[in-house]
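Below you'll find the structure I mean.
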Amino acid sequence: MFRHTKHLQFEAKPEKPDALYAAKLQELIGGAYGEMTVTMQYLFQGWNCRVEGKYKDMILDVATEEIGHVEMLATMVARLLEGAPDDVMAKAVKDPAVGAVVGGMNPQQAIVSGGGAVLADSGATPWNGKYIVASGNLMADFYANVAAEAQGRLQTARLYNMTDDPGVKAMLKFNLARDTVHQNQWLAAIEQLKEDGLEGPIVPNALFDEENQEHSRTHWHLSDGTQAQDGPWAQGIAPDGVHQLEFLADPAPLGGPASAPPPPDHLYGTKAAGHGGEGSAKGPSGAPNKSMGDKIKDTFS
Amino acid sequence: MFRHTKHLQFEAKPEKPDALYAAKLQELIGGAYGEMTVTMQYLFQGWNCRVEGKYKDMILDVATEEIGHVEMLATMVARLLEGAPDDVMAKAVKDPAVGAVVGGMNPQQAIVSGGGAVLADSGATPWNGKYIVASGNLMADFYANVAAEAQGRLQTARLYNMTDDPGVKAMLKFNLARDTVHQNQWLAAIEQLKEDGLEGPIVPNALFDEENQEHSRTHWHLSDGTQAQDGPWAQGIAPDGVHQLEFLADPAPLGGPASAPPPPDHLYGTKAAGHGGEGSAKGPSGAPNKSMGDKIKDTFS
Amino acid sequence: MFRHTKHLQFEAKPEKPDALYAAKLQELIGGAYGEMTVTMQYLFQGWNCRVEGKYKDMILDVATEEIGHVEMLATMVARLLEGAPDDVMAKAVKDPAVGAVVGGMNPQQAIVSGGGAVLADSGATPWNGKYIVASGNLMADFYANVAAEAQGRLQTARLYNMTDDPGVKAMLKFNLARDTVHQNQWLAAIEQLKEDGLEGPIVPNALFDEENQEHSRTHWHLSDGTQAQDGPWAQGIAPDGVHQLEFLADPAPLGGPASAPPPPDHLYGTKAAGHGGEGSAKGPSGAPNKSMGDKIKDTFS
Amino acid sequence: MFRHTKHLQFEAKPEKPDALYAAKLQELIGGAYGEMTVTMQYLFQGWNCRVEGKYKDMILDVATEEIGHVEMLATMVARLLEGAPDDVMAKAVKDPAVGAVVGGMNPQQAIVSGGGAVLADSGATPWNGKYIVASGNLMADFYANVAAEAQGRLQTARLYNMTDDPGVKAMLKFNLARDTVHQNQWLAAIEQLKEDGLEGPIVPNALFDEENQEHSRTHWHLSDGTQAQDGPWAQGIAPDGVHQLEFLADPAPLGGPASAPPPPDHLYGTKAAGHGGEGSAKGPSGAPNKSMGDKIKDTFS
Amino acid sequence: MFRHTKHLQFEAKPEKPDALYAAKLQELIGGAYGEMTVTMQYLFQGWNCRVEGKYKDMILDVATEEIGHVEMLATMVARLLEGAPDDVMAKAVKDPAVGAVVGGMNPQQAIVSGGGAVLADSGATPWNGKYIVASGNLMADFYANVAAEAQGRLQTARLYNMTDDPGVKAMLKFNLARDTVHQNQWLAAIEQLKEDGLEGPIVPNALFDEENQEHSRTHWHLSDGTQAQDGPWAQGIAPDGVHQLEFLADPAPLGGPASAPPPPDHLYGTKAAGHGGEGSAKGPSGAPNKSMGDKIKDTFS
Amino acid sequence: MFRHTKHLQFEAKPEKPDALYAAKLQELIGGAYGEMTVTMQYLFQGWNCRVEGKYKDMILDVATEEIGHVEMLATMVARLLEGAPDDVMAKAVKDPAVGAVVGGMNPQQAIVSGGGAVLADSGATPWNGKYIVASGNLMADFYANVAAEAQGRLQTARLYNMTDDPGVKAMLKFNLARDTVHQNQWLAAIEQLKEDGLEGPIVPNALFDEENQEHSRTHWHLSDGTQAQDGPWAQGIAPDGVHQLEFLADPAPLGGPASAPPPPDHLYGTKAAGHGGEGSAKGPSGAPNKSMGDKIKDTFS
């Protein structure tokens, strides 16, 4: 259960209205990496967390803070739009300087929200429930959280450079600071998961014995840049401390040709007469895979 | 520019058809963390990469491999659907065992694709361009890539446990292995970026001086679990090696009340008579913030 | 700013797991009229509200409560899925009774969320920012809120009848009760807006003089049911107390033919030689509209 | 079955082209509350209506009229774009006044539609089937219809103030008038449903005995504004004539802590050793709820 | 403007309810190639048509018919759901035969629509405005219409084979017939456009002189199947009667390496020290393209 | 499996940056008919193709080429954005000429992609998996491919006229040429399918005997333009060589009234007392259809 105060976590007062900037700021509200995303991602992770105690408590603290960030941004947008949408639009056709502003405005902030924020990004695409993930695996989710905070802080920094308004900059400085601490916190939590023996660096920390070992350490060189072999991703011990990485300079496909079995008549797929169904799940697998690599290289090059 | 061989990177032959499983496997094709996502994410990152050489070459090698994973999964789905959609559906009403299968089938694999894969997830939601990110900042993007591979391997592992088909399991073992190596590779690349002095652990590696320093190290305790203070995210030196983390047990809001200025008349927003516009961007900021923390705690609790 | 307690507003304990029902319950979380919608709709309305005082306070009280409803439902879903997704799926092919359950399950609750809720509806469509509205006009928004609570309570009632689990029913009874009080509250708030002289029954309470008076009171009879004239919507004084409603039994179009002007050459639209552009914005309007009604009736019937 | 005349319900002739305005007008075509929404909402409600006679006839009359409104707006957009997209764009880089127009244009009206309307809103978001509702419960649906007409008329009024073109204003006056009469009609239909004894004011008119009576009349005060208690939503008899509303000034959660049961091993969720599953659906419910309110207040504040 | 009769274009009476089939039939209502798509596509094409006369009249005749097809299908769905959603669901857990049905049901047809159709497809994905196109170029649009009718008839035929209900089959026979005539009509209209000299077979019938002639007739062989050269698409005169098609057996890229210029500092993209910007729009183009083909083949194979 | 070279299929070097144009060019990347669509459509068609040999080989050749077109366009966008997003935005408020550019820019190309392309269209709508179709029926799919290439070339031609940059025009000339050859190729493939006896002109080439013959050849005249009868779609032998087309000047509905059966009580749909369920699937069909045509005409006109 939640409680609310109308006092903002941090002040959100622009020096003066700026409808152009209000349109861009939507990215931090309803963008794929905006505050709405981290709010809902952390809430669902907290509710979905199966480890009572410090992890769950921390997730829910941060989640609760993030709702307040949406609030700060929505308030800022409303103030940046003060007086603007209507008057500006009326003057726009006559005065190019005003017209320029109109061009960059979000018309829905006027027509739909009456001078307020919408739940969409800077391209007017509505926020979407698929932006969040709460998998129940804390390592997978903390990786996602680091990524979300990193993209979020990057976008905030870019927007910080697109305004001179001291009030806006003051608020964004606070947001940058919170993104810094949250990035640090998720990075620390990743280390803690390993230290507590709950998860390893590779998600999930399971099935390594079953997986195809010869394929869990090779870099397949499939583009033409020759320098991919120069990084630590193609040689030496992997970050998991287990796998010995290797560079495959000229890899050949390991499987047979991709084909699909003939469909049942009543689906009206086009099929050749007498097609034997090499790709059939039921049928025999045909020629052995042995010399396939060589054969492929011939046909491929 | 690309070239293609019909030979699959790895064999994709189920022992027998299984329409139920074909529906679930869609998650690995068109899900938010499926192979389509990593394909397009890495391609756009490679094209958007401003550092010629080992990073760009590595990204494009992996990107090119991933297109082939979509191909393997699409082939597997077609073979799992062999003979199934049509015949099964005809028998479904009479035979509950068959009907059970129908219930879990993806009707669009029959009606729309005629026994093949669709570009959607296991909930039939179509794949979406917002699933990918290519920010131009390699650290931000490599964090996102670790997260994508982690969620992807987790989902593959879950699906691995939902089938007994040896052919399907053989292919998924290969996929698990590739997800393992790719997770390792992005983790290694993150370290390399730091070692090369291109980026630091916090994204972006800039604006630290400008950001609000007192707020870049505090954990705000806003939920009621008391154990959030027990983790490394609330004390000690942060992973960035700079910030000293701190636990704020009873934080108070720093901003004034969230209000919005009155809208222009022609937008027909509801407004009270004589509303002075406390939240106005233009107006004076009113009462000082000094004792606000105390005041809030009163009204809040 | 928000604070949170892990204690739920009301208990969410099912008597036993039920994965089938967990899939359906998603409608109340991420459906177009689920709890996520009312949460975000009321939050944005509260932040966008330009009338300080009782209206704003009430909106934000209810908004804050609704976040807790998402929390209750997400918790209930996780508990309904206990043990289920994995084991059930393994047995499904062999046992039709189990298979039946699988058919109705949401595979993403297992594959993506690991036994938890997703931010989507019962058809697996993700929640979308376009489901909410916060127009700044309180009457328009309160009408939308009544509608949202009505659809929400209706869906809750339908779901209440689809389970026998006493724990689920106990929680849904609470939800039904909250939906009842909220419907009542928005209805009361509508009356209060009128009483306070802030808005009239028709939104927006403006432009009546400018609008085309002869057309603001007529019911156009365009389908073939003859009983549309028997309701209060086609006769007597309208709810706004001003307009005298009237039934137009055989209405004729008032405008000229719909045509579009020829496009510029460089857009390569198909156009006839010598087309004069009857529909042109620039050109003369051609034949007068006078006898158009008669003409239309001829060509139309 | 439908029939059509090319004569518009009302004239749609702008005095001169205005590509900027054509972009904004899309909100009334493909916006969440545009004419496409009411068209499809009323059609599906009419087809889904189980009460033959005056209600069904009225719904289908209005639905049929609304298709013609989409037609009027699409025609208006094509005429507003006359000559514009192409020529304007060519001049835009050189002349800022023209460039301003380009900035606010919808590029898809040129590139995709060749100088015509698209089925999207003023933010270029495509229209979506989730915008409509047809629940089969007429009271719920008529509430939704009032809300749709209110938002629609509000947006039309805002757009009316953003143009000086007499031809556009003439058409919008007609649209405003039709929105007025339709709002009145749905309000009248709501009263008629009650008078006919088909539905009560609260949707659905059922389950009141089963719902949790003590919770169907209380306003939970969860934000910090103190004036929420001053409205009719927190005191007196509710609009349903049954419930006595009450203001809960300091409400405490009624449920236990939100927790989720441990997931099955094969889903690879992170879990602590020996976690007993307090939130389990199977397990005992643990400590009684009695003194929970007090306990919460302690931990919460 | 439109008029409506409640009489259906063709009877829509199933012999008995079938909730499973009602879920599948949604594909023909709200699928990407369902009746909603052709309705809106033809309406927008008709309104956007710049050639008054036979083409426009024909388009609008067919468009108007299609609205009635949505009506027939929505009616059929409601009747197929008679009695079903509620009772069936209650019995489902106990009886596997019933449970099988539940698994394949669309829960939103019960929870959201109360036993009626939704505006979504058989995977519960809502219909979307991007499914339609009305480009203003009649040849482009008629090609799209043939494609839509072909996919639509194919899906109808597949659904025809998934039921034994004589009432459903009778209606689908009518639908198949209408899809046949409409496919024929759009094919005929394509020929007529050519005969009338309005458009040629290649869209748009322009810019052939400007386009890169050596590249407008070659098939690039980039996959490994060797039989692509055996079709009329790789040899002989093209359908446009102008181009001589040719098979390029071993094509090499014509462009330089894909690179992106360094971003401005304030966007915080990762960049190497001293990167000269080979890909820069401003900079010199570097090495000539002459021997690039050879070079590529070396690095590529 | 795929391989990649960084060398572009054709050069993508603008003479100078142009952020405005970069925004529009997104339509060719992520639009419904952009290069992403044809890439994924042809890949899935190739993988789903059940006819080994020339058809499958050709589809996969073209599919592989198209990935390289996305690459060319993404590279072009990055170069068009060189230096632009950041500096331009900083100057925009002061200088109207610059502001005009800002208005037409895609803010996400700066904020999200850091000066690169996004996977969205010119209206910032993300690309969507529903844009593609791979039905397994080659005739249906080839029709869709012709339509896609036609719309794609049309949009390319429109964009070709919106720039003067010689580098951009050079690349678009190449794209126009490739669209020409691909349109020709799919048209040739359609003829080849018929020649090979695999499919007829009407999709699917089946069920003609079952369909309602009297309805598979009539044009229903439902709009008021009288010239629809003048085309080959309303008279003579149809393109399939079988049907004799006919113009129905005054068609009457063939079905009874659209009604829906009463819903089960527990869904709380509104229903009249004693409603007998004329539309019921179970019930008697009521009055015969015989004289319905006449009756309808009465009520309809």
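Order of writing sets the chain letters: A, B, C, D, E and F. Residues in each chain are counted from 1.
In the analysis below, a contact is a pair of C-beta atoms (placed from the backbone, for glycine too) under 8 Å apart; a residue touches a chain by one contact, two chains touch by 3 or more.
Here the structure is a predicted model, which is why all the values come from computation and not from measurement.
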Task: Chain pair repeating B-E, as identified from C-E, B-F or B-D when over half of the contact pairs by residue number coincide - done: C-E
Open item on the list: To test your reading of the model: what rotation angle superimposes chain D on chain F by C-alpha positions, in degrees to the nearest 5?
Closed with: 120
Task: Whole-Å gap between the CA centroids of chain E and chain F - done: 4
Open item on the list: With centres defined as the mean C-alpha position, give me the chain A-chain F separation in Å.
Closed with: 28
Open item on the list: Give the residues of chain C touching no fewer than two other chains, as numbers and ranges.
Closed with: 1-9, 32-33, 47-48, 53, 55, 60, 63-65, 68, 71, 74-75, 78, 86, 96, 99-100, 102-105, 110, 112, 114-116, 120, 123-126, 128, 130, 133, 135-137, 139, 154, 157-158, 161, 204, 206, 222-226, 253, 258-261, 263, 266-269, 296, 299-300
- [ ] Enumerate the contact residues on chain F facing chain D in the complex.
- [x] 18, 20, 23-24, 27, 31-33, 96-97, 99-104, 121-125, 154-155, 158-159, 161-162, 222-225, 253, 255, 258-263, 267-272, 275, 278, 300
Task: Of all residues in chain A, those that touch chain D in their complex - done: 1-7, 47-53, 55, 86, 89-90, 92-93, 96, 98-100, 102-108, 110-112, 114, 120, 123-126, 135-139, 193, 198-199, 203-206
TODO: Show which residues of chain B lie in contact with chain F when the two form their complex.
DONE: 1-9, 30, 36, 40, 43-44, 47-48, 60, 63-65, 67-68, 70-71, 74-75, 78, 112-120, 126-130, 132-137
- [ ] Report the residues of chain F in contact with chain C in the complex, numbered from low to high.
- [x] 154, 157-158, 161, 224, 226, 266-268, 296, 299-301
